[in-house]
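Shared between the two complexes below is chain A, which has chain B as its partner in the first and chain C in the second.
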Partner chain A sequence: MKKVTPYLYILPCFLTVTVFLLIPVLYNITVSFTDFKGIDLSNMTWNGIGNYKTLFADPNFRTAIKNTVIFMALTIVFQVGISLVMTIFLERGLIGSRLFEVIFFVPSVLSSVIIAYTFNQIYEPNFGFLNSFLGAVGLKSLQHIWLSDMRLALYCILAANVYQWTGMGIIYYRAGLANISHDVYESATIDGAGYWQRFRYITFPLLKPAHLTMVLMGTIGTLKFFDLVYIMTQGGPAGATEFPMTYLYKRFSLEANNGLASALAVVILVIAFVISALQVKLFNRDE
Partner chain B sequence: MKLLHKVKKYKAGDWLILLCLILLAVIWIVPLVNSFFLSLKGNGLVNYQTVFTFQIKGQYFLPRMFLNSILVVGGSLAIILVFSSLAAYAFSKLKFRGRNFLFILILSFYSIPVISILLPISTIERFLNLKDTYFAMIIPMVAINLPLALMILKNFFDTIPDSFIEAATIDGSNTFTTFFYVLLPMVSPAVVNVLVVVFMLTWNDYTIPLMFNSVQSHYTLTMAPGFFNLALNKSDIGPLFASIIVIAIPTIIFYIFMQDKLKSGLTAGGIKE
Partner chain C sequence: MTRNWRKLCSLLLAAAMVGTILSGCGSEKEQGADTAEPSQTAGAQQEKDTAGDTGDSASAASLSFWGWIPYNNVIEPMTAAFQEENADIDVDVQIMDWGAYWDKLTLDLANGEGPDVFAMNLDNYEKYKDYMEPLDGLAAQVIGDDWKTLFNEKMLESTYVDEDLKIFPVDFGGQWYVFYNKTLLGELGQSVPNGYQAFADYAKAVENDTIPMIFGGKEALNVAYLYLWLVNNQNPGIVSKAAAGEASFEDEAFLKGFEDLQKMMDDGVIPKNSFGIDPTTDADSLFKERKSPMILTGAWQAGAYLAGTQLADSKIAKDEIGVFAMPTPINDNPYVVGSIDHGWAINKNSKNKEAAMKLVAEWAAGDAAQIWLEELYGIPCAAGVTLDTANLPSQEAKDTIGVISDTLSDQLAGPRSTGNAAVDNKTGEVVQAFVQGMMDAKDATAQMQQAYESSK
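Let's turn to the complex of A and B:
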């Protein structure tokens, strides 16, 4: 009886994860090799890597991957950059810092629905805040149709995403800064290091755990990205803001092309796995 | 909250920093203030009245959705807490074969997007006759958040010295009694952290109610703006934004009261969306 006890403790957790996560993943792997369409399970025939061929040949898929890479890189750069600056500024303890921190952080406790509709209206071409503001300060030439502009839509959504999550980075960077002992700074100052040098050679490198957390969240988060795009552009205009998850949802709900949808799911899963494994490895190497 | 050291003497650079902070704060507050003003468009505060008294098929819309959110989130949280604390205890304090492997296995499911497992889970739910119940949403919410909760709790269990367990065992306590009466009270801060963080994730979730629910009367709060968007004229954005402000208020209040718990929970887990 003693030997079985631990397994009983992990059983509820394990069972849930197996039935509702593992089996679906196995389902995806299996179905990705068939031409399963619709709901009738008896309607499947083996397809080999046909779906994968279709997938990689599809320009929409390629756009989705391209968008993911751009979005991932820029999200991480902006979120790390801005939240690090915010954290350092807040650390000075100037007046109003508590209020500033709340203002920066609140967007991350709001549902994506709220952020999406908020920015939809900011980007609204006729009465939205952005164009109105540009007109009012005499920058009429900078007015655009934002979310309907194929070149700009992706970056508009990027701005909304950065807006939503940058504040959260403050927590991680503040914790990271607190872990750097002042002695290091003191000896550096004694050795004649200026502010920028202290930052570049001490602060920034020693924040590595915080950096890695932000990068991990940014990469996995972008692979899963769906809510904002779906409400703001649905992957339009003309696929300019297509993401893997919007692509998957369309294949599944509009075309009932389950085989293709599953193939995409498998590809994304593999990518996520590789990225996570790489980052965990990088993280552990320094410990 | 822990103290921000108050700077008494402002150096030259400090004024510049303050200016930058004010600038950033203005940029950050504009979108939400804009939404607030949009919610007053047309009819002013009457928009909020419209939102609250809106009815579909004779049933009050918003309060019902609020109730649904509470049921779905509450149910998910209860299950997550029970399952993950039991498992975290085992993974941390009990010795058994495959302990490390199974732990990493469960954790690795963190990166699965919900949409990619929509069809299989729906099929399983239909098979179990749970499709038209609240469990249609509770199941994916639990599954998606278990790895995270497990990780946070196990890390916390790890920080408790084994000497407590040894002392309890010497006093005649068995595995479960040790768990329930000794360790659980000790990890209650971490349990609260998990609760707060997972609450935020599940309460704000949009994808799961959108995709897993097919019962009109079960939709949660995050679906509300979408409905107002469809139900009203395209030019009638007043009520739409009133609904947005209305669903934002609870989470903001929650944040203001739970700030510390939220922050320590997030750093323990390392999550985003």
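Let's turn to the complex of A and C:
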């Protein structure tokens, strides 16, 4: 009984993970090797790696991967950078810092739908805030059809994403800063270290766990990025803001090409595993 | 003893958790419980588990209906109209938003479940056709051999796909129509343009004062439909032929369609900011806010704008609204594109098909159809339904509403899309690239043809 009891305790969790995670993933992998279209399961026939060939030959998929890489890199840079700078300032105990913390955190608890619709209105070309502001200050030449400009749309969505999640980064960095002993700073000050030296040699390195969290969240968040981009541009214009999840949604929901959509899901799963493992290894290497 | 008691409690809790998880895997019918979505009923009971019931017996049945339309304020009188003649048939109605509807329908039909009757349109026909009951035989059995006389012959014919009828059509929708605000035009010192050149002149005259015409060009599919309509005006029916493999997407009409689109942009008829306007949310708001005297959209807005069903509390509630068919650069009397906008389908797994047929017949061609279409001001497919235009709020609306039914009857070039989702999506992408100068017409049409080849 003693040997069995621990397994009974983990049984509910194991069942949940198996039923709602493992089995669907295995089913998805199976479907990715079939030509399943529509919703009738009897229409499924094996077609080997045909879906994977189609996927990697599709320029829209390659664009989605390229956008993911660019978006991931810029999201991490901006979110880490802005979060860290804001945290440092807020830590100084300036008047109103608690209020500002709340204000910066609010977007991260709002629904992505609200954020997307808000930014849609900001970017609206006829009466939106951004173009209206540019017109009012005499910068009419800078007005654009922001979300329908193939060169700018991706960065417009990036701005909305950074706005939404920077507050969360502040929380992570605040927790990280709280874990750094003040004795370390005192010793450094006694030894003559200036502000930037303390930041560069103490604060930044000791915030490594928070950096890892931010990088991992940014990476995985970008790989499954869907809601903001779908509401704002639906992956357009002309695929300029296509992401793997918008590509998957179109193939699955609009075109009922379940086999191809499943193949993409498998590819994203593999990429997510590899990137996460590499990042954790990289961060732990120095330790 | 205490330790054994703790172990026992833990085991019981673990068993309860497992049981809860497994019970969540049951189907709605097995549970016989309320569904998650709110249910709209009109004196109806909850859907019963019909296993072992009289099945196809029409004398006591319970039907379930799912749809994204009609709106809740209309579904109740429609259901009441049906139950006047069929008091022994209960109807449980669920109206959901567009996205949730298709997701739920897909999951349930794939599991062999789903409602007895559901709303359907031709755009989604291909995906769900294997789950819809063929209606010819059932209609003859339940309604009578002359059931086809209930409908407009041409519209009923266009609902057949591969010689199968699986949707009872309700209304016929089409594009592209310009709903205009005559009151606002007058304030701008303008009159309703007649013909493409007059339209281009009007656009130039007002471009500094207002948006000449609102068009929701942000959505790729909407842009695709506009382009395909231009192609159909170059060569009526060519889009359907290309979609059937009888022509090529690289034919001249498709290339000239891009020329027409470019001309419309150059003339300011389609302002470049249009491609930043969302057709679903922004376009309608901008028109109702009097940001433009014109909006380019589909016939489905006739009820909203001409009959004013969606204008209460808006800034244009008291304005005179009219409609005309959008001219093209080569055609002042243009072809329109359209198809059955929506209809009712019967689940092939339904255990109450005869009762379901009575419901779809009433809702498609009976008093209920009249109720629904007076709300929508759609073009009815039923022979016995005529819309009373005397109650339209403005003289301009009364004078012009007929153009929709006239053009759909006499100047129909084909459906608005290719019927192939992959080609439609690709068309939207390449047209968006074209309007930004990132792709030329030849490349665009080549990609459309390639999308068609890949989808076969």
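Assume the second predicted complex is superposed on the first by the 277 of 287 C-alpha atoms of A that agree within 3 Å, B and C clash if a C-alpha of one lies under 4 Å from a C-alpha of the other, contacts with A are read in each partner's own complex, and residues count from 1 in each chain.
What we mean here is this: contacts are C-beta pairs under 8 Å (C-beta built on N, C-alpha and C of every residue); 3 or more make two chains touch, one makes a residue touch a chain.
The model shown is predicted, which means the values in this text are computed figures rather than measured ones.
Novice: Could you tell me whether chain B and chain C fit or clash when both sit on chain A in the superposition?
Specialist: Taken together on chain A, chain C would clash with chain B, as the superposition shows.
Novice: For A:237, is the partner it touches chain B (first), chain C (second), both, or none of the two (neither)?
Specialist: A:237 sits against chain C, while chain B stays out of touch.
Novice: If you stack the two complexes on chain A, which partner ends up touching A:16: first (chain B), second (chain C), both, or neither?
Specialist: A:16 contacts both chain B and chain C.
Novice: Check whether A:198 is in contact with chain B, with chain C, with both or with neither, and answer first, second, both or neither.
Specialist: neither
Novice: May I ask you to name which of chain B and chain C touches more residues of chain A?
Specialist: The larger set of chain A residues in touch belongs to B.
Novice: Of the partners chain B and chain C, which touch A:146 in the superposed model: first, second, both, neither?
Specialist: Only chain C; A:146 stays clear of chain B.
Novice: A:5 contacts which: chain B (first), chain C (second), both, neither?
Specialist: both
Novice: In the superposed arrangement, which partner chain does A:250 touch: chain B (first), chain C (second), both, or neither?
Specialist: Touch status of A:250: second partner only.
Novice: Considering 127-135, 145-153, 181-189 or 253-261, which region of chain B has C-alpha atoms that clash with chain C after the structures are aligned on chain A?
Specialist: Of the stretches 127-135, 145-153, 181-189 or 253-261 of chain B, only 127-135 runs into chain C after superposition.
Novice: What residues on chain A does chain C touch that chain B touches too?
Specialist: Overlap of chain B and chain C footprints on chain A: residues 5, 9, 12, 16, 19, 117.
Novice: If we count contacts the way the header does, which residues on chain A are in touch with chain C in the complex?
Specialist: 5, 8-9, 11-12, 15-16, 19, 38-41, 54, 60, 117, 120, 123-127, 145-150, 233-234, 236-239, 250, 253-257
Novice: Give the list of chain A residues in touch with chain B in this complex.
Specialist: On the chain A side, the touching residues are 3, 5-7, 9-10, 12-14, 16-17, 19-25, 27-28, 82, 85-86, 89-100, 102-107, 109-115, 117-119, 121-122, 129, 163, 165, 167-168, 171-172, 175, 213, 216-218, 220-221, 223-224, 226-227, 231, 245, 248-249, 252, 258, 261-262, 264-265, 268-269, 272-273, 276.
Novice: Touching chain A in the complex: which residues of chain C?
Specialist: Chain C reaches chain A through residues 7, 10-11, 14, 17-18, 21-22, 25, 102-103, 106, 109-110, 126-128, 130-131, 211, 217-220, 272-273, 275-278, 281-282, 286, 291, 421-422, 425, 428-430, 432-433, 436, 438-439, 454.
Novice: Report the residues of chain B in contact with chain A in the complex, numbered from low to high.
Specialist: Residues 1, 4-7, 10, 14, 17-18, 20-22, 24-25, 28-32, 34-35, 38, 82-84, 86-87, 89-91, 94-96, 99, 102, 106, 108-113, 115-121, 124, 139-140, 142-143, 146-147, 150, 175, 179, 200, 203-207, 222, 225-226, 229, 237, 240-241, 244, 247-248, 251-252, 254-256, 262-263, 266-267, 270-273 of chain B touch chain A in their complex.
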